[in-house]
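Presented sequentially are two complexes of chain A, the first with chain B as partner and the second with chain C.
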Partner chain A sequence: MAQPETVDHPRSADPKELAKFEAMAAEWWDPEGKFKPLHMLNPCRLDYITRQIAAEFGRSRDDALPFAGLRLLDIGCGGGLLSEPMARLGAEVVGADAAEGNIPVAALHARQSGLEIDYRHTTAEALAEAGEQFDVVLNMEVVEHVPDPAEFLATCARLVRPGGIMICSTINRTPRSFAAAIVGAEWVMRWLPKGTHDWRKFITPDELRTMIEVAGLRFLDRKGFVFNPLSWRWSISDRDLGVNYVTTSRRPGAAAGATAPLSARG
Partner chain B sequence: MNTVDTDIFVSGGGVAGLAAAAAFGSLGFRVVCADPAPPVTDEAAAGADLRTTAFLQPSVPVLEAAGIWPRLAPHAAPLGVMRIVDTGTDGMTPPVAHDFEASEISDQPFGWNLPNWLLRREMLARLDELDTVSFRPGVAATDLLNRSEEALVTLSDGTRIRARLVVAADGRESPMRAAAGIGARTIRYGQKALAFAVTHPIPHNGVSTEIHRSGGPFTLVPLPDRDGRPASGVVWMERGPEVLRLAALPEAAFEDEMTRRSAHLFGPLRLATRRSVWPIISRLADRFAADRVALVAEAAHVVPPIGAQGLNMSLADIGTLAGLVSENRGDPGARPLLERYHRRRWPEVAARVAGIDALNRASMAGAPVLGRLRARGVGVLHGIRPIRRTLMHAGLGAGRTLSRAAR
Partner chain C sequence: MDNPPDTGVSEGMETDVIIVGGGLNGPALALALAQGGLKSVIVDSLPAERRADPAFDGRAYALSLASRRLFAAIGIWPEVAPSAQPILEIKVSDGRAGEGAAPFFVHFHHGEIEEGPMGHVLEDRFLRRALLAAIDSAPGITHLAGMRAVGQETGGDGATVTLDDGGKIRGRLVVACDGRQSATAARAGIRRTGWRYGQTALVAAIRHERPHGGIAHQFFMPPGPLAILPLPGNRSSIVWTETEAEAARVHALPPEAYLDHLRPRFGDFLGDIALEGGRFTYPLGLSLAERFVAPRLALVGDAAHGIHPIAGQGLNLGLRDVAALAECLVDARRRGEDIGTTGPLREYERWRRFDTALMAAGTDVVNRLFSNDNPLLRLGRDLGLGVVNALPGLKRRFIREAAGLTGELPRLMKGLPI
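Our next item is the complex of A and B:
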């Protein structure tokens, strides 16, 4: 495995964090491998993401290419577990990862799948500097790995086009999340190598909401991703945000569709 | 895409949906109300809802606050007496009747009875007066995304509604309930109900009569006179195949059967409308609220038509929600408000559903209903006022549940 090269923008790319993911890159697409928790969570994440995008932009999920014409950034794309389904739904996808080793893995897999995805070894800061903007920014399971979440989220907010949305998921800082994400996933089940997560870096929903609002986005939604150890499945909950949770926010400005005032009589 | 911002979106334009739209609109909130079917406001039309509704006393203030009651009062038939009749299953035992009189507990009648099609007509007229309400008949809500801070509803005409609260009044199969991910438990009885209106030579004198026999109750509720003859709305519950047989009978044969079933209490009954058939179930939603969504009426609860409970529970839902919303005008769909709505309504409704379920099972099985009430601790029911009051208050929804009163 290649050593991580020196990255220009160390703020969202802590070298130690990068090294951890480089070591795991080849295992991205093994559903029984080290990313088993992400593979198990993926249907639930995708359901949430596609519902939010479809409702926000007035698309029907029954169409063949419902997200055609939407420009989407998958920040921290890893092996492309989200970029590929988004491309299949018609979105124009840029997959960005600060860990260089992930990019060839993701690009190779996309080629094998016959998908055109613009994978880049870059950072959120670099994309924002270049003035790139997107209808949708996916920011999934990244914010708990960056050194300065508030600054990182402010950068991500700049990547959202006015009227566009950011979907951001992470892990709550609760006793239950320590038990589930550290003790359960790393120590007992060994789904993730020890040290993948640092519980102290976890963020509560209220903290995340404040950071998102300070970044200039309008907070729209928060839901929990809940793992049921009996059915061995994940589901979406509007009340249990105790461990994994997800949020949606919008950048104010020109909406995708014209907003008409409510007329007194329909 | 055309997006409409509003405070409250009411899904469903039945009696409950229209009442909810009028209630919130009267509080000054901007309301959009949509229903896939245009409301039928003419009794003779094919889709007319021929059922009648008895508004019990606690429902009247809710309708008054919504500005609807003044329009209904002139058409309403007062219910002064509730009569419960047990007929023997063998047809030999003489019927046993017990009267519950409203005057024992109040100077007002138990309630007022109105045909549902007329309710719709008057409620629509009220909505027309309200600048705050936009009513969209013939438009379905096809999709709901209930975020924690807003709800996005897609309508079949392509409009998108962005609302702070969605009130699901879209019926027992509630698509909004399903979209919000709320489950519901259902009890099926294998029963159906026939609903129609009759005229009869013997006046009802404002008495609502429930005649119990195996298969289910036969209930007559007073209506204003028709063509100079006393008239009643009838709900006749029987096992499913029996209802289908009755619905298909020629009119004269049907009249013979229903006169016999009514124990001849009002003389020969004459059919005055079409017969419509309704399935009988009990259903209770697991929760009455989710992010930005409140369930009311049959979206939240369905009960067999016994004791005039269904729509009165619905109006209590709307009254409770309107009260909470008026105390929190800044955000009518805030999470703490919806939590309170669920906590206030769900236990109360669950107890009523259990009580009505027990009464319906007793009635279906042919167990004498009054006997069952006695067996459940109302043994000295007849003639002892405090206990009778408890039972009557329970029927009125005045704070006690049927199941508790009957225990």
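Our next item is the complex of A and C:
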């Protein structure tokens, strides 16, 4: 099933990867279901994302709709675990997923939550070719699933409006990440189906930084997402980027629709 | 909202958090949430006049330093501070009626921790009225006084509480602050566990001849402990424990006979004593909810855990729930999450269950150990307390525990903004 026929040559959409995710789509919003690890990681990811957006665009997270007026793209939106919180904070959200089955699941849930989100069955390439641009591009846990990360990141960079930011997270290629993401999450805990991740596709923070800079973005920040098996929760770390990590980078140039004082940062 | 505030509620009233219970924890939670931009509706079964009654009814609380910080953070400490008595020292001793304190006793002095007085004693009337005034002037808080919640429905997209006048309130989350017999928790099918001690606490305020010097006393006696908490002026609040039958008998005595019964326990170190305000009894028992959360529901204070009030920790524990829950919910809001979903609720439960179980077990053990007249146990106790007194590190830990400074403190209890 699930050859994404409606999309022209989706270079970021490896058909085998897509089929795996289609099969999981209905389970997205069950915190105890197949996406339990993502639900567990989500507060930590959202903490990082919301703080970065607030800092880069001069917003306060204590305002009622702190991200009002910001156009945001969630690449690989899945069931909307990131799109919904962003919409709730006032952003104008486009959720894109190359797996067609995710779109109705996400749209249905957004309606139940009383949120307006523009979910589309499309790819980063198709959006870039259509000339779409965003103040914020969320590129979370996607890079390790695409066949050509450098090319994919170059496409994502084109989707960032001058002065806008991209937040990108992925998994490091270390012995520890093999132990945690493959042996731990897939084999032992069975959090993820076997074969969800291919360790060889994992990318080190330095490799990611180079690819992002080659794509024309300025690298701003990187942090680790660290799972503590004793407290059974994730936290943000300044130093430990050994397994999961996240980065923020900015496309140089004045902010078009957003607030001004970005270009002075660095 | 386009409905009149005090004459029933129309269909379609919307808020973020529906708080059932208007005692102390409910209003404190509403104020903490308001600071983080979350709206709330408080459903309070008592009419506002009862909450605003200025008369002293004899009830008072020993507020920990952590609780005081919470009150400062939600803006009510300046209102109540002039009426609060700082606790400068705590003396814990073991005694038998008529014999006075045993030679070994623990003496906690606030100079042994750097944060200042380890607590304050505050009369219920001042706290109650300050909270009432604050919720009635804070933006985003609707206070429905004299109304009862009679039903609740929770679902994937929100929660609805039905009131006794047929009105409905919709929100993201329901918080039960309705006490040990929480009807809200019962409606959600949350069972409780616990036991009675066969003891009853007698609570009263007394006036005494000599100044108390800001010293709180805890005498451990065979029927149960007697706590003397200093109030402003030559007054103290006492909590005194007897067996159920004896407590019922003493409670029914006329004032002079009541005092005659109290005097040998109290001793004469404060001179002659007289009753002031009312007298209360509270049957002691431990009551713990099997869960502190359910879908779109969180339990706070006695609704989650009613503990033995032996060290005045009931309100302090409840306020810790308030600060922890407010932090979990406000953090979730800042992340853009739906505040009534499993994530933030489970975070709250994980945070509070451990502390509560520890405190409940701790006060239970202390009570069982001290409510005993076995001479060997008495000796062990005396020596035990003497040992505590001799070990500065251990004692500092005890003082910090009494001041509410141990465990993972919520930001509002560290003196930080939410």
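As a convention for this text, the second predicted complex is superposed on the first by the 247 of 266 C-alpha atoms of A that agree within 3 Å, B and C clash if a C-alpha of one lies under 4 Å from a C-alpha of the other, contacts with A are read in each partner's own complex, and residues count from 1 in each chain.
What we mean here is this: contacts are C-beta pairs under 8 Å (C-beta built on N, C-alpha and C of every residue); 3 or more make two chains touch, one makes a residue touch a chain.
As the structure is a computational prediction, the values presented were derived from the model and not from experiment.
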Partner chain(s) touched by A:A64 [first = chain B, second = chain C, both, neither]: second
First (chain B), second (chain C), both or neither touched by A:Q112: second
First, second, both or neither for A:D238, with chain B first and chain C second: first
First (chain B), second (chain C), both or neither touched by A:N42: second
Which superposed partner A:P85 touches (first chain B, second chain C, both, neither): second
Residue contacts on chain A - larger count, chain B or chain C: B
Chain C - residues contacting chain A, complex: 36-37, 156-157, 331-332, 334-338, 341-343, 347
Chain B - residues contacting chain A, complex: 1-6, 30, 32, 131-132, 134-136, 143, 145-150, 152, 154, 160, 181, 290-291
List of chain A residues in touch with chain C within their complex: 31, 39, 42-43, 46-47, 50, 61-64, 84-89, 112-114
Chain B contact footprint on chain A (complex, rising order): 51-52, 55-56, 58, 219-223, 236, 238, 248, 255-266
